[in-house]
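Structures for review follow.
One chain, chain A, appears in both complexes that follow, with chain B as partner in the first and chain C in the second.
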Partner chain A sequence: MGRYLLRRLGFALLLVLVVSSASLLLTRLAPGDITSEQALVLDPASLAKLRTELGLDRPLAVQYASWLAGVVRLDFGRSLLYSRPVSTLIGERALNTAMLASVALVLATVIGLPLGVYSGSRSRGVGRASVRVLSVLALSVPPLIGSLGLVFLAARTGWLPVGGMTSAAGIDQTWAQWLVDLARHLPIPALALALPLAATLERLQSQAIEKATREPFVAASRARGLGHAQALIRHAWPVSLRSVLGLYGIMIGSLFSGSFVVEVITSWPGLGRLMYDALKARDLYLVAGCAASGAFFLAAGTWLADVLLAFADPRVRSQEAR
Partner chain B sequence: MNRQPRALLSVLLLGLIAFTGWRWWSGQQPPADSGTEIVFSDVTTRGGVLTSSLRSEPRSFNRWVERNFPTEFTSQLTQSTLIRINRATQEIEPALAESWIASPDNRTFTLTLREAAWSDGAPFTSADVLFTFQAIYDPKVNSILAGSLKVNGQPLTVTAPDARTVVIGYPGVFGPGIALLDNLTLAPKHKLEAALAAGTFSQAWGVASPVNEMVSLGPFVLSRYEPGQRLVFDRNPRYWKKDSAGVALPYLDQIVAEVVPDQNAELVRLQAGQIDMLQQQVRPEDIATLRPLVDQGKLQLLELGVGTDPDVFFFNLRQPYWAKDPRGGWITRREFRQAISHAVDRESFANTVYLGAGVPIWGPITPGNQKWFSPNVPRYAFSLERAKALLAGLGLANRDADEWLEDDKGTEARFTVLTYRGNSSLERSAAVLRDDLRPLGIAVDVVALEQGALVERMLKGDFESIFFVYSASALDPGMSPDLWLSSGSAHIWNIGQATPATEWEKQIDDLMRQMMSSVDQAERKRLFDQVQNIFAENLPALYFVAPRMYIGVSSRVGSLTPAILRPQLLWAADRITVRSPGTGQGGR
Partner chain C sequence: MTRRAALFVLALTALSLAAPLLAPYDAGLAFRDFLHAPPMRPHLQGFAAPVVHPIVLADRLEQRFEADQTRTIPLPWFGGTSDRPVFLLGADNFGRDVLSRLLYGARTSVGLALFATVGAVLIGAPAGAWAGLRGGWVDDAVMRVADFVLILPVIYVVLVLRAVLPLVLPASTVFLLVAWIFVAVGWPFVAKGVRAIVAAERDREYVLAARSLGAGPARILVHHLIPACSGHLVVQATLLLPGFILAEATLSFVGLGFPDPVASWGTMLAEAGNYNAVARFPWTLAPAVAIFAIVLATNLIASPDDRTS
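Showing the complex of A and B:
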């Protein structure tokens, strides 16, 4: 198991390096840079001076080598957009994204998995058909429309704040008040993220459990006198989790690296929005930093899913032991 | 029962549940409180919180080096100038200079400063004015204001005989005169002197700086910045301005600017009453959405007038670009551009792109710029016959079986238009142009690019044509020489010419220099009318429609003085009032 974990860690580091390097190089190679916006205001000499100050006049290889040297020391450079260390900016936003992602993940799990088990274990019925219709609906609505729909619903009812992470009075509140305030702001972006994921989980879980219930050992357990529900939960479900947990890693990675659509629409100050702003402004160091954090979360999510899978499926444990 | 009828039944059941829920929910909504018309005089009360939206975050609070709207917005609320141009009347008003005297040759202005203090209690004196000029002209600072505070490329000279007097000398007579100082955001010497001396002025007042470092001379002080969320501005208790009754301004206790990056979400929040005003004009397609709230008296939809920065279409007029291109013989000709101008039905353009909320225009100065607009510039009536005749005069005719024209060498009449990706009015405009030129036999390929890539291509001169929006910083064209002069960095169709490439550009250069060095307003207008005529005859850039601009604001906000330039309402934030409830967070 130890060697396995080390191998995964090495893979994660390589992934972070490759993704962030590619992001930096592609952003640098694309036409235009962060000074393009000032181009019609500054005279050519001042513009050239600004590019020199920002280090944009250096050859690509020099720029990349200097950035890479910093990355080795865990220094991702300074954001050209905000004149602040990239790691500080990412740290601030990653916490916000992590809060949102955790809630969305829990929601997606508690909605998607039970519904998947329910619909997969029934061969017919209005309930199964309704779950399928709702899942297909949730999957077919693009995140932009889904987020806007939820924002509109919140605005129309007035039950929840339409956007933001806290209200303007946030800083003057006690911790308890702040938490309540945060809890009121979380449902809209969390649901916007969670609903399509819950639908994906439901579909996957449904198919997996349908397949697992046809396995001989499930039939054998029924023959030994176990009830339908018990056979389903004790034997079919753990096996069906193998394909579901495979997706979990990717889900965790994408959730924790931030969804710019949901974060932009619901004004959630997370990593996705930071990446979006960095891309728009061509802030290459910030783009590379955000991409690195996304890759890191993806690797971490995949690793976590592998560990969970090992716990859930005895066959995986035995394979690793061999 | 087989599976299909069951699935159908499920869908019907779900639909029924959704419909019932919707009916119940609609019934829960409070009826519109009709008849509650807000009269501005009833809401002029002191105190309260105004909540505005802001589409993006500031990159810095240093107005002297950063040019983006959030930075300008913050500066507008927290800083002050010696004089200011009233955004509504376009007249010069005293600000921290309570009076001034111009020398007989109009090259020297002696300003008397009013007694005022920074928000931390430090007195405002002429030393701050001298320091501001010193910082702006310091090459190490690379200030974005330096260019706009020069006359004929030369800096102004500034002396301070005493703490309340400043003498500003111009290197030559300058038409806009003291209006130039509207650009001069004053810097606090006692806070930024050390940074200037250390060569770190351009890094000062970054977004990570403590907010109490950023002292204010304006109506508000920045009291809180929550990255990604909001900026909070509190009343500056030391603000120098009072109203006519002697009441200290501003009236508001606080302005909260919520960062809402998405325009649709911003609109929803305005509808929900969670913000009081927008900082962007309402899109034409959103006006119908807001109309019911206006009818219920919950929202004001203020028409600001005709926009002053219309979208512009232009060809690359750098001759070297076309040297090896067979199309160069006709694509850079004035008649080709005139034909295009004739081929565009501007009324239909306004209806398609701005849903009717636009007016036809024939030059860069729109009716929204009342002082400088000339209604007598040559106009190009919609006429496909006239357009075809002009193209025939260039040797363009349909010489084969397809629908496109060709020149005598068989080169197809086709060009590429670059435009901004994501700017809906520009993308629609480019599409309308393509459709309007098709009946003429001209093929247009529209390519939408990301903003940085487009500007890069424009600066390098690597484009055939561009549909673009250029925002001039001032309404007085004498303060935008970069656009008008052939040597200018914003002379977009042929940037930074060493000598004028054409005779008509030389004429415009001469007229603009005369206009910029004249102090006789009537003469300046006469000269600029000539510039507009030459421009409209030669059409280096084509203008089709200027949008009518609207801004949405809650009915609880009063004492507004709308203006066409941004920030359209908060430029006079010190006089704005709100009706209770005390914050903009209450729902409708």
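Showing the complex of A and C:
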């Protein structure tokens, strides 16, 4: 068990290294670099000087080797675009993405699981049917479409501010004001991310609980005199949770790719936007850093989900112990 | 479900090919006096062709249009020719007909997705079949690569791959380029399933019978094992298609897909994705509705707990 998780961790680190190296090399080999825009106005001599200062005139192998030497010491270099350490930049932005993603995950769980338990424990009725219709509709709203739709709704009605994490006016806000401002900016991107995930969770939870309620031990608990709701929540639900937990590992991936579009559309200053800006400017160290952190979060997420699953399901543990 | 999925893919193909027949105007045709013109409502008059009231610019600053109730123009599909344009879905910021662009955009967006899906199946299926049939190190190698591609942060990979190539390229080059990038990230989905099916089927009696009759591995693959995977292939294709349509929309939305004058659903959304414009001219979101409809159709077809079928 421990060895299995360790092996997975090693694989994740390798993935991070390969992904970041590949994106660094690809960006380096691509036509143009960070000085391409200055090249239009600068004379060749000062352009060459600038490129020497930035270390862009070194051969590819040397540049890569010096970058790699830094990475081993967890130094991802300096961003050419922002002239700040890549790790600081990524730290700030990753926090924003993590906040968005975790709020979306909580939202999806809070919406999806109860509705799934409700619709799965009923064999017919208007409630069940409407939950199913709603969930198929929500499932069909990918984050790109969802955020465009929500932005339209917000801009049309003026209920919520659109764009960014806080209002531009909020420079000298107090701490509490900033929090309120953030809370007003958060719902649109979070909901755009959460809707399809909530629907996925609802569907799976519904099927799982339907299966679980047919188990003999649920009937037995009913026979002992437990009410319908109690038998459902105390006995059927924990068992059904097993298959639902497995989904969280997959959801990390879709949260991640979804958050990129949502960040771009709602101007959320997250990792996805940073990567996008870095790519556009050919800021190769920042590109590599973003790709590394992207791969890291994805690997860490799936790893965490595996650990959770291993704890929740003894069968996984014994299987991997082989 | 397989049959419905196949019909759905066929319908999308037809839609993506039919743009020149269905679209009332050319995708690039701009009516200078009708920037952001609102959609016109068609009226039925007995058995005659449906008509619309032509609109005139009432206020250029406010971009306000008024319908001329005294005049009517028949719709372009019913032989109506008029010097005044008919916008059933409104016009965009260059005064181009949104409906025409939506139809031509389907050719680009859905066409690209279909191309990439076919590519992913054509590469993923043989790779998976080969791995499943040969087993051993081939199996290990192919599946390791597939697993590796599957856990990559797909959106970043696509962005990097697209961004490192020159940004300004002719539309046809972009089409092929983006399609190949999609194939590169899409084939493992197909390969993994095919490998599992082939590995399970290769020891079944009918394969053994074929082998004892002297059939070589190629014949067994083509005649016996690939048909066994056809259900999986159709399902995977149905799932990949909307994914690729969305990926194109995302790429073009952020300016890494097709260049602006090309009508694709992504470039159309890129123009619509401005906070102020979206609130005032909601009809520019038409491609979002189209994508929603396609994803919804896919979900209805692929829903596993469908008891009616």
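FYI, the second predicted complex is superposed on the first by the 215 of 322 C-alpha atoms of A that agree within 3 Å, B and C clash if a C-alpha of one lies under 4 Å from a C-alpha of the other, contacts with A are read in each partner's own complex, and residues count from 1 in each chain.
Assume a contact is a pair of C-beta atoms (placed from the backbone, for glycine too) under 8 Å apart; a residue touches a chain by one contact, two chains touch by 3 or more.
Predicted, not measured: the structure shown is a model, and the values here were computed from it.
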Partner chain(s) touched by A:Thr302 [first = chain B, second = chain C, both, neither]: second
Chain B versus chain C as contact partner of A:Ser102, first or second or both or neither: neither
Which superposed partner A:Gly164 touches (first chain B, second chain C, both, neither): first
Partner chain in contact with A:Leu148 - chain B first, chain C second, else both or neither: both
First, second, both or neither for A:Leu29, with chain B first and chain C second: second
Which of chain B and chain C A:Ser21 touches, first, second, both or neither: neither
Touching partner for A:Gln177 - first (chain B), second (chain C), both, neither: neither
Partner chain in contact with A:Leu42 - chain B first, chain C second, else both or neither: first
Superposition-derived comparison: chain B or chain C, residues of chain A touched: B
Chain B versus chain C as contact partner of A:Leu139, first or second or both or neither: second
Common interface residues of chain A - those touching chain B in one complex and chain C in the other: 30-31, 148, 151-152, 155-156, 162-163, 264-265, 276, 280
Contact footprint of chain B on chain A as seen in their complex: 30-34, 36-44, 46, 49-50, 53, 81-84, 88, 92-93, 96, 124-126, 129-130, 132-134, 148, 151-152, 154-158, 161-168, 170-171, 264-270, 273-274, 276-277, 280-282
Chain C-facing residues of chain A, complex: 15, 19, 22-23, 26-27, 29-31, 136-137, 139-142, 144-145, 148-149, 151-152, 155-156, 162-163, 203, 207, 253, 256-257, 260-261, 264-265, 272, 275-276, 279-280, 287, 290-291, 294-295, 298-299, 302
Footprint of chain A on chain B - complex, ascending: 3, 6-7, 9-11, 13-14, 25, 29, 49, 51, 56-57, 59-60, 67-68, 139, 142, 144, 146-147, 202-203, 206-208, 224, 226-230, 232, 256, 258-262, 264-265, 268-269, 271-272, 274, 450-457, 459, 470, 482, 489-490, 492, 496, 583, 585, 587-588
Interfacial residue positions of chain C with respect to chain A in the complex: 148, 151-157, 159-161, 163-166, 246, 249-250, 253-254, 256, 269, 272-273, 275-276, 278-279, 282, 285, 288, 291-292, 295-296, 298-300, 303, 305
